[in-house]
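The two complexes that follow have chain A in common; it is paired with chain B in the first and with chain C in the second.
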Partner chain A sequence: MAHTSFYPPSGIYSDSYRKDMRIVKTKTQWVLSIVSLIFLFAIPQIPFFNSPYLLRLLIGVGITIIICLGLNVLTGYCGQLNIGQSAFVMVGGFTSGLLNIHLGWPFWMCVIPAGITSAVIGAIFGIPSVRLKGLYLALTTLGAQIILTWIALFYIPLTAAGFSVGPITIGTLVFNTPKKFYYVAMFFTVMMTFFAKNMMRTGPGRAFVAIRDNDIAAEAMGIDIFRYKLLAFMICTFYAGVAGSLLVHYMMWAHLESFTLQDSIWYVVMVIVGGLGSIEGTIFGVIFITALKELIFVIGPMVEGKLPFLPIGAGSGLLLVIIGGVAILFLIFEPRGLAHRWNLVKAYYRLWPFGY
Partner chain B sequence: MEFFGKIVAAGLMNGAVYGLVAIGFVLIYKSSSVLNFSQGYMLLLGGYIFWSFRGGLRLDLFLSLLLTLPCAFLMGILIERITLRPLIGQPLLSMITVTIFLSLVLEGVASLFWGTYPLEQITIFPKGALKLGKTVLTTESLFAFGLAIVVMMVLIFFFRYTRLGLSMRGVAEGHEIMQSMGISVKRILTICWGIAGVAATLGGILLGGTLGFQLGLSHIGLLAIPAAFIGGLESPEGAVLGGLLIGLIESIVSGYVGKAAGVPASYIVLIVVMLFRPYGFFGLERIERV
Partner chain C sequence: MKTKMFSLVVCVVAGIIVALPNSITWAQKPVAEVVVGNISAMTGPTSGTHTMCQSGSKDYLYYLNEKKGGIEGKKGRVKIKYLSYDSQYVATKAKDGFARLREQGMIVHTHCGAAHSDALLMDYEQAKIPLVTGSQGIASMWSDWAYGNYHSGVANMARSWIVWLKRDWEKAGKPGGTLVLGTIATDEPWVPLSLWDMDSFVKEQGIKFFTETIPKGTTDASPQLLRLKNAGCKQIFVSSSAPGSVVVLNSAKAMNLNIPLTQCAAATLGDVIALGGPELTEGYQGEYFYEPMSKDPKLGASPGLKLARELWEKNHPGQRPNDMYVNGILSGMIIAEGIRLALDEVTPEKLNGEALKKYGLDRIRNFDCMGLTKPISYVPDDHIGPKHVRYWVVRKGFVEPISDWMPTTTFRIPKK
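== the complex of A and B ==
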């Protein structure tokens, strides 16, 4: 079952391109998506689900989904590697935070400038590498991670020490607890997911896929590779900037420690585990890795306590080995990620009882 | 001037080691066009293995070296067998990301077995100092420099004049052609990774001797990447010169600018070089035909 994602729901015939490109194809899907949206926004009100721990986790997942969606547009759809994503999250976060405390702009005015600043700085780093063929973007984004955090640490006194940022407000409503912030985070997550999903149906989205699949052929078809690679990279960093803005207003505190090279690598792990070139895969990947991380945070200290011969810090080592190992296993045995499993399940359900 | 001489000397000493590590990087790139982002962590793990023999079990220097190098070779081979071999035929993107994830695993293994704190300092080279005019060179760094240069020379001669080295260069040219010439590409790739492991480990030992064995050693990998790239990813000689250049830049910038500017400055240079000489100074310009 190689191309399982192409089985349409039963009884659906696409007799025009418009119909073929619909995201939601059947009435059942409409009902399901509306129900799940309502459920998503109702979580803070449902007893059992609304523990602050789970809500904080979900907010983290939501923000990380935005970051990873950007990364998946670049890596999954356009085939370029970015290992400095958290530096661009940092740029967005600091821009938004500085606008907020110095100019007194509310969050709603900061979030777009944060994304744009991120995208512009991303373009500065992207230009030397997207000119070349191959995966040189990996090199310059690594450079971006190192150079940008270094500038923030040594040349901007405010960002070096970290500073506090005001919470998000609408009128008199202040989103300063997880329970309240959850709505903002989910609103942005859903919006950005929708944008990403839609973007891939447009001309630029198809151009990205063409570049990923064969850049020479894409060029021969009249796709300006330089322009579209740069566009993909700017979209990626724009997403990072928006997520960074959300992140600092959620924590109400902007600090360098949330933006390390290791974070950048974890975003790549999430995208790979979820499935390259799949929007829903990104969501699965983020949830899977976040859950795994939480599990190891519980298990790690227990292992360290049970096995006294291990040195100090072995717990963090265990975390790295497991996360890295899972990512490698996925690359080797399931290169299409969790999204592929999801498609298999869907195909099974659609073909039942005549699946093979 | 005295200060300048000192930092130039220190830069050249460190640069030789970066060059050595960069050769491992070039070797893997040449044979399989994979950018090995885990080179720095191979260096870290190799250095720690050496420390276990020398500092942990308190073995003789030469005996520990003799035990470490096969371990390092084995480490490279294992990495290739377990992670890269199954990915043959997959897109290049997967092969490169796998090396990024490998760096997580290697760092994890290092902190799982040796902890996150710096290990006990051990002396590898005899202490002492050599005066060269007004510049004082420690014998430690002189030994490191000498050893790095010797190893690099050996590797470069190996590529150029031995049968195995020649088939490695052939594999770099194209896998299918070499396969049809009766050379096992898989075997060559395995050996390449083994040698890269040894080069990284030697770098780890030399740097660990002067900087101390600690998790931060893996950052040298971050310097070897621009070194290899500026020299040109296809050229071992370029890697050596790139290493020396990066060593100099790092040392001069940290000396005069301070503020931990060494590594960022190397990356700024890397990006500038990419703008003007996209394939490095000694690299091959790729010409694409359909």
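== the complex of A and C ==
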């Protein structure tokens, strides 16, 4: 039955290529999409859901989705491993923050330059990708994490110390509370998700997949490997830059230590657990890992409270053990990630009760 | 029959007598609970110090609950409920933890300063929930809602050390004509902050100051130490956490370097002794803003240190005492003193963050912290804390003082 996840199920026929490439194919999907969007933007008004704690959590999920979408374009679709994504988030964050405090630019004028600056820096670190693959390329992106952090630490005093950043504003409306910022975060998350989904239907999207599957064959078909690999790096880091801009304006504080190698590794874990080469998978991966982290975040102190013989921090330390274990289990039992599970469930539902 | 009736009456009366005090207790109004929150990096690079700091404040406040029945002012008594979350050394998680603690009724919070907790500045200012910090980061120095009990900000560690050595050098008749000092620093994120705008300070002091850097994780600091020696440095300040300091000490030993080395407050001498052993650390100097657990027991202890040692024995039996535990106890003491003062003015029901700040923390004057540190006073625009430091030296695995308490510098990294 697994093959059904790759083809439109019985009952949906496309009589043109254009129709076959539609993101939303049926009326039911349209209705569900619209209802989901309405629910997403209504959350701050719904009792129980509108606690600042939960909204903060959802904002964090939204921003992380943007970061991981970029990473999935590069790693999942184009096959280029990047373990320095957090450094590019930092570039975007600092660019946006510095433009905001030095030139007085509002967030809306900073966010695109932040993305572009990250993309340019990303392109520089992407150049070795034309000659390097796999772990060797991963090491160059690790180099990006180290080099960019080092520059921010020793060559720019302001970024070493950290600095306050202004909140996002529209006219007199100031987005300085979780309830208000939620709308901005979700707006960007939805837009960036749509762009990523759409991008994969375009020529460059198909070129990325071709390069991932077999770069020699792709080159033989006339795909400019260097150009498209660099483009994938730029798209990935553009996403990181935009997310970085959102992050510093959300925290209203920019500091080097918010962008660590550990964060970069988390992003890779989220993409792998969700499913490489899947936009839905990215969303699932971020939500799943965030929920797991949050569970430990809340339960850890409770466990310590109930079991006083445990040393302080032992409950919280469980997080690392559990997440590491989950990553291992996923790699063994479901290497195609949550997205594949989702596709299986969808196929089963569509064919039920005739899933033969 | 009469005997049976008599026995029954005796039993009933006895039962009433036994039950009476309990029923009176039950009838009394329960003691109100106030929530003290802690958001520290229980996991991540600073977890070692942050867990100890948290343990100190928690153990002290629960000690007050158990032994004193809570904290009492003229208008009532409260007990402490201590809740904590792991910031995971991530700013957004620190914010999540703060939001959650706020929903759980937190009126004051505490932590050890780091960049992730500095990101809480806007949150606690907006929520009007004071912070009692066991270590000044950068942002807490700017806030009217933050109260420190530790060093006067990361940028004052080397500055205070320079002032101390310059004073002694001047007393000795200025040997050599110019005082030459140096620092060996790791490339950890906080180091540039500790040496922030040092050039102008050095110029102002009229001394020569050389800086060398070792990469974090290196195993040899000999070239850097040799360069400092050749520059004529009389003493060297080690701006590093404990692992880097042990590397420096090993290298110094290998090259028979006889220049005194001083550990900055980013790690305690106790941490370095635990890591490097008593032999390697013999003669190593360090700075403390409080009386440390590593103090030689033969030298006596303040009432505060005695209490700290008792609490350690009770809560961490069999473990090697940790100096940062005292730092946490100091946070607990300040929170308790603030609550006590505030309860002189407001009832427990009206005790919130604003009331605690206005009637409690802002009114702390010459609070002696049971002798653990120099008396603390908070005045408008100055919530730094003790503002005094004392230098110590390692002798046979313990530390003993080599200076009196002396005022620190109070430089603040400017708010941009």
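Note that the second predicted complex is superposed on the first by the 329 of 356 C-alpha atoms of A that agree within 3 Å, B and C clash if a C-alpha of one lies under 4 Å from a C-alpha of the other, contacts with A are read in each partner's own complex, and residues count from 1 in each chain.
Criterion: a contact is a pair of C-beta atoms (placed from the backbone, for glycine too) under 8 Å apart; a residue touches a chain by one contact, two chains touch by 3 or more.
None of the values given here were measured: they were computed from a predicted structure.
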{"item": "First (chain B), second (chain C), both or neither touched by A:Val269", "value": "first"}
{"item": "Touching partner for A:Leu58 - first (chain B), second (chain C), both, neither", "value": "neither"}
{"item": "Chain B versus chain C as contact partner of A:Ala160, first or second or both or neither", "value": "second"}
{"item": "Superposition-derived comparison: chain B or chain C, residues of chain A touched", "value": "B"}
{"item": "Chain B versus chain C as contact partner of A:Ile101, first or second or both or neither", "value": "second"}
{"item": "First, second, both or neither for A:Ile312, with chain B first and chain C second", "value": "both"}
{"item": "Chain B versus chain C as contact partner of A:Ser129, first or second or both or neither", "value": "first"}
{"item": "Which superposed partner A:Met90 touches (first chain B, second chain C, both, neither)", "value": "neither"}
{"item": "Chain B versus chain C as contact partner of A:Gly143, first or second or both or neither", "value": "first"}
{"item": "Touched partner set for A:Ala240, first chain B, second chain C, both or neither", "value": "neither"}
{"item": "Touching both chain C and chain B, counted on chain A across the two superposed complexes", "value": "150, 153-154, 262, 311-313, 316-317, 319-320"}
{"item": "In the complex, chain A residues that touch chain C", "value": "51-53, 56-57, 60, 101, 150, 153-154, 157-158, 160-164, 176, 178, 247, 251-253, 255-258, 260, 262-263, 293-294, 297-298, 300-301, 311-313, 316-317, 319-320"}
{"item": "Contact set on chain B toward chain A in their complex", "value": "35, 37, 83, 86-87, 90-94, 96-98, 100-105, 107-117, 222, 225-226, 229, 259-261, 263-264, 267-268, 270-271, 274-275, 278, 286, 288, 290"}
{"item": "Interface residues, chain C side, partner chain A - complex", "value": "42-44, 47, 51, 54-55, 58, 83-86, 88-93, 95-97, 99-100, 102-103, 114-116, 118-119, 121-122, 126, 138-139, 187, 189, 192-193, 196, 413, 415-416"}
{"item": "Partner chain B, residues of chain A touching it in the complex", "value": "75, 79, 81, 83, 125, 127-129, 131-136, 138-140, 142-143, 146-147, 150-151, 153-154, 216-217, 220, 262, 265, 268-269, 272, 276, 310-314, 316-325, 327-328, 331-332, 335"}
